[in-house]
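Step one of this worksheet: look at the structure below.
Labels run A, B and C following the written order; every chain starts at residue 1.
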Amino acid sequence: MKHTKSSRLGGLIKKTSLALIAGAFVLSASIAQADIKPAVVYDIAGKNDQSFNEAVFVGITKYMNDTGIAVTELEPTNAAQVEQSLKKLASRGYEPIVAVGFAMANAVQAAAEAYPDTKFTLIDMVVGLPNVQNVLYKEHEGSFLVGVLAAMNSKTGTVGFIGGMDIPLISRFECGYKQGVKWQDSSMNVLANMTGSTPAAFGNPSKGGELTRTQIQNGADVVYAAAGGTGSGVYQAAADAGVLAIGVDSNQNWMQPGTMLTSMLKRVGEAAYDSYEAANNGTWEAGFRILGLAEDGVGWALDEYNRDLITPEMEARVNEARDAIIAGDIVVHDYMADDSCPI
Amino acid sequence: MDNSHIAIELIDVDKHFGAVHANDKVSLTVKTGTIHGIVGENGAGKSTLMSILYGFYQADSGHIKVFEKDCKFTSSRQSIDAGIGMVHQHFMLVENFTVLENVILGTEGGALISESLEKARKELTRLGVEYGLEVDLDTPVESLSVGILQRVEILKGLYKGAKILILDEPTGVLTPQETDELFRIFTSLKEQGVTIILITHKLREIMSITDQVSVMRDGKMVAHRQTNETSFEELAELMIGRKVLLNIDKSESKSGSPVLKVKNLHVSNEQGIERVKDVSFEVCSGEVLGIAGVTGNGQGTLLKALTGILPLTEGSIEVFGEIITSNNHLGPKILRELGIAHVPEDRQRMGLITEFSASESALLGYHNDKQLNQGLWLKKSLVRDNCESLMSAFDVRPADPKLKSSNFSGGNQQKLIVAREFERNPEVLIIGQPTRGVDIGAIEFIHKRIIAMRDAGKAVVLVSVELEEIMSLSDRIIVMCDGQITGKVDAIDAEERTLGMMMANVLNPSETNQEAQP
Amino acid sequence: MTRDTRLAWINGLMLPLLNVLTAFAAIAIVFVFINVDPIEAAKIVIYGTLGYEEGIGYTLYYATNFVFTGLAVAVAFHAGLFNIGGEGQAYVGGLGVALVVLAFDPSISPWIVIPASIMGSLLFGALWAIVPGYLQAYRGSHIVITTIMFNFIASALMVYMCVHVLREVGQMNPQSKMFPETAWLPFIHDVFAGIGYKIAPSPLNLSIVLALLFSLLVWIFLWHTRWGYAIRATGKNTTAAVYGGIKPKKVIVITMCISGALAGLVAVNELLGYQHRLMLDFQYGYGFGGIAVALMGRNHPAGILVAALLFGILYQGGMELAFELPNVSRHIVVVMQGLVILFCGALEYIYKPWLVRFLAPVEVSE
């Protein structure tokens, strides 16, 4: 399969790869009546950011193809337009309205207050209103699993982590990853860097590459990027140096076949999909949806691009960890619970 | 090229610019091998006529014949091909090119320049010998004096095959000696059969060098004369349509005590080059001190120092008891408040703001004046009244305060500036080039006003490159050359020739000046 | 009509009008290429920006920002300075607003907090412009270069302030905590509700009154005071200004202060008026848009009001188009804005030679 950066083609192609991991979902096969008017508002990065927003876009495209229901998509260009978009959609009777990313919390708060009868689904952040569904992920659990894989593949005893923006959410990825690494081998050393302190840190591949090269010089031979669009620079630098990299959010294994060990999956596209589906079935509920390994909201990617890198032994070990987490035998510490990491 | 007797014949050339009739059925005949003068006030249509002849403009109607052939020029290239060369008032030379490179500019020929350079060198050497126009071909143009630059321009014309040379105000920037040299070149060109058209407003030059003279006024050709059959007075009358008094009636000066004392003054210009060197003089109330000199010999810098625009580097200026030194700089605002008025040399660039309305230009320097401001407001009505009163006092036309400053003629712009500076009753007047590019009517008017100020007991410093003006207005004259004072004389004893030698600094045998040819 | 008057009409009205029409024609061609009916698009834009209360509110709200930055560019331009640092000045103006508001206790009367925070925006905007102004006047650093560089410095400074100093505890967004309601500039819909009229809510707030007030003040200042005279004289002809006793260096620094202060007012509209907290990139694009607004408005407050309205329409209309027509992505909206800037800014004199030849031929040659 060939991959291009052309957004539409890329979207279609990713749709296919997405189908591979979507098996866990029980999808309604029936073509629903178009009795909902679903909509989505991407954040200022736009839907083709090759990362977080794009993962949602892929899920929504899949929903449209599966159900034939059109989803109205808006891409605002400034902060005022975010709120304007949400309110405008609400005023025209669109619902549920999916808001992508933690940065939209203020706008969702305002819009949900102004339109208390409209359903909003906010991904990655919490707005405590009776008409808002907050979708949160246990990124630490997924990161734990890829941490186990990283430790098993390191020969130098040092692995790396590149975060995007320096916020608690990303520290949660980092902390989970570290716990996974140490669980596998407590003598391992983990290097960690954040790319920056603003949302721009999620779109800075050149700085990502720079940080990766530094970590590799310091001995890291597996690097995990939780940095949105910055990741492509990380994977490129890893491939250039011949060391392994781990992708994030969507399945990014195809980006550097051969050096992509795996990807930590955060199934945001499915969250949007589920939200529409639930609304259509009348099962949409406000409040929290916290998706971890048990709910298959996070996970790790295994496909034809990394099949050769993952030995049966590794696969077994990761599945062991996964089952232990689901069973509660391993409790992965959540950084955001107390803003600190035990390791 | 041609053995015709008539070099140029213009028949009923007519040109309108909108409502303005710039050339009104102008006819002119210039005989081959003569020097033909064209005189007229600014705006009389001389430049338009020459621009038509040189292909810059096309006439609305009429005929042009060059060497008895009908011509229709739509570009200067065609005019050059017909044998016409033009030396502009402002030289069209590339500063850092050599003389040779400048001359071949526009006729480089093929891709490689060396061949045409060699050809040009031979040709130029021949022309130089033939017409007495020797110039070092390999000197960069920037290091040449204006007199030599003019030769380069003439050579350029001849090299391009010109048999007819048009010169627009060629002597404006020359010393009397350089002017003499230029006229010598004219004579030798004439002997070789070259036809010369000389555009000027200096009647003295017309009388001394031309064979024929044509006078233009208000777009019309009003007279053609054999130079030896006319007179200074007749030409002046023809130009302005009435008799003028070129010599100013002025009474004996009743000078009082010194009000402006300049001691051992050194000043550097904006680029940091010292242009005024050890200059000392005093000006008394009730007298006009004339400062003569060729343009660019430090007078401009001196004016700026006297009016606070440039700081002093050494020495002092004492005025109204204030002593200005390098450590105690007083700016234009303070000096103006003390009572020093300044009519600057360059009215377009300094004296007014061409894009402002007349009323706003009439405000320059006085915008903080209490009479024009009411609290925070700069009152529009007061500003307009101020301008109207200046305009009526100095007969500025059109008397429209709202008109953009650039839309006034040179003379009226100058009258507005002079009015602004004179009407505030200053004690000291610093005046630079008061009549440059101003028509005769306005010159007379401004001269009278300057004398009136002197008679009212004001101290006047007058800088001018027009010797005639200096001599007729001043009570005492100092001459500047290369930043130094090279002569001081009382106006009564002044002779043009002596002043000219002082301007070139050749009276003092210890100082040599390469350009001067006494 | 004299030639001057005719030229004034050509420059002031006909050229901008023709330029805008050309830009619209170019946009129509783009629309045809992406299968959008230009007429339908025009209808959507007109209805969406001027056809209903909320749309008008948004249009005017965006226009308010452009008035401030347009005035900032124009004032500097009259002194011969090209201030392209409006972006940074507006951004730092936001810091001024936030610091003042957060320094006050929430119980203090709005009559004190709001004027004080407006002063904060003016002061910080001015501070951010004074350094480039000083460097231009006394050190000869070109204002274009320094103001551009100060945009970057402003961005870095604001990131630092938002991330490390003012970030609300427990918030992931780099933004300050919410301003207390006493510091909110009233929304226009609330003002109208107060006097008994009900209009649809929109971000439009009292800043628009401030924008109109400052347009008037700038006009008075430039054309009816001695300081304005000094600024214009310096801009048109520095040599003549020096001759007239004006100190261009001082004028440059003062003008940049005023220019920066005006740009800083963007923060009042955005933060005091609508967002009610300091956030990253709230000024995004308005500083640069202000350059086009000033150019199109011929650096005159009246023209700037019209041009700012046009840009408000472009911003709001772009949103409406993206909403109504799936073929119009936000990138097409940027293309639309770009075409308007291209024809009204970069190519602003493209029709001038023809217009002048036909309507006001040259009359005087010498």
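In the analysis below, a residue touches a chain if its C-beta (ideal position, glycine included) is under 8 Å from a C-beta of that chain, and two chains touch if they have at least 3 such contacts.
Everything quoted here is computed from the prediction, not taken from an experiment.
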| item | value |
| --- | --- |
| Central chain of the complex, centres being mean CA coordinates | C |
| Chain located farthest away, centre of subunit A as origin (C-alpha) | B |
| Cα-centroid distance, subunit A relative to subunit B, in whole angstrom | 79 |
| Centroid distance [mean C-alpha coordinates] between subunit C and subunit A, Å | 38 |
| Chain centre separation (subunit B, subunit C; CA means) in Å | 47 |
| Contacting residues of subunit C [partner subunit B, same complex] | 3-4, 224-226, 228-230, 232-233, 236-237, 239-240, 242-247, 361-366 |
| Interface residues, subunit C side, partner subunit A - complex | 58, 61-62, 159, 162-164, 172-175, 201, 203, 270, 274-275, 277, 279-282, 284-285, 319, 322-323, 329-330, 333-334 |
| Of subunit A, residues touching subunit C in the complex | 46, 72, 74-81, 84-85, 88, 102-103, 105-106, 114, 125, 166-169, 197-199 |
| Touch list for subunit B against partner subunit C, complex | 15, 17-20, 22, 42-43, 45, 47-48, 51, 57, 307, 309, 331-334, 336, 342, 344, 346, 349-356, 360, 363-368, 373, 376-378, 380, 403-404, 407 |
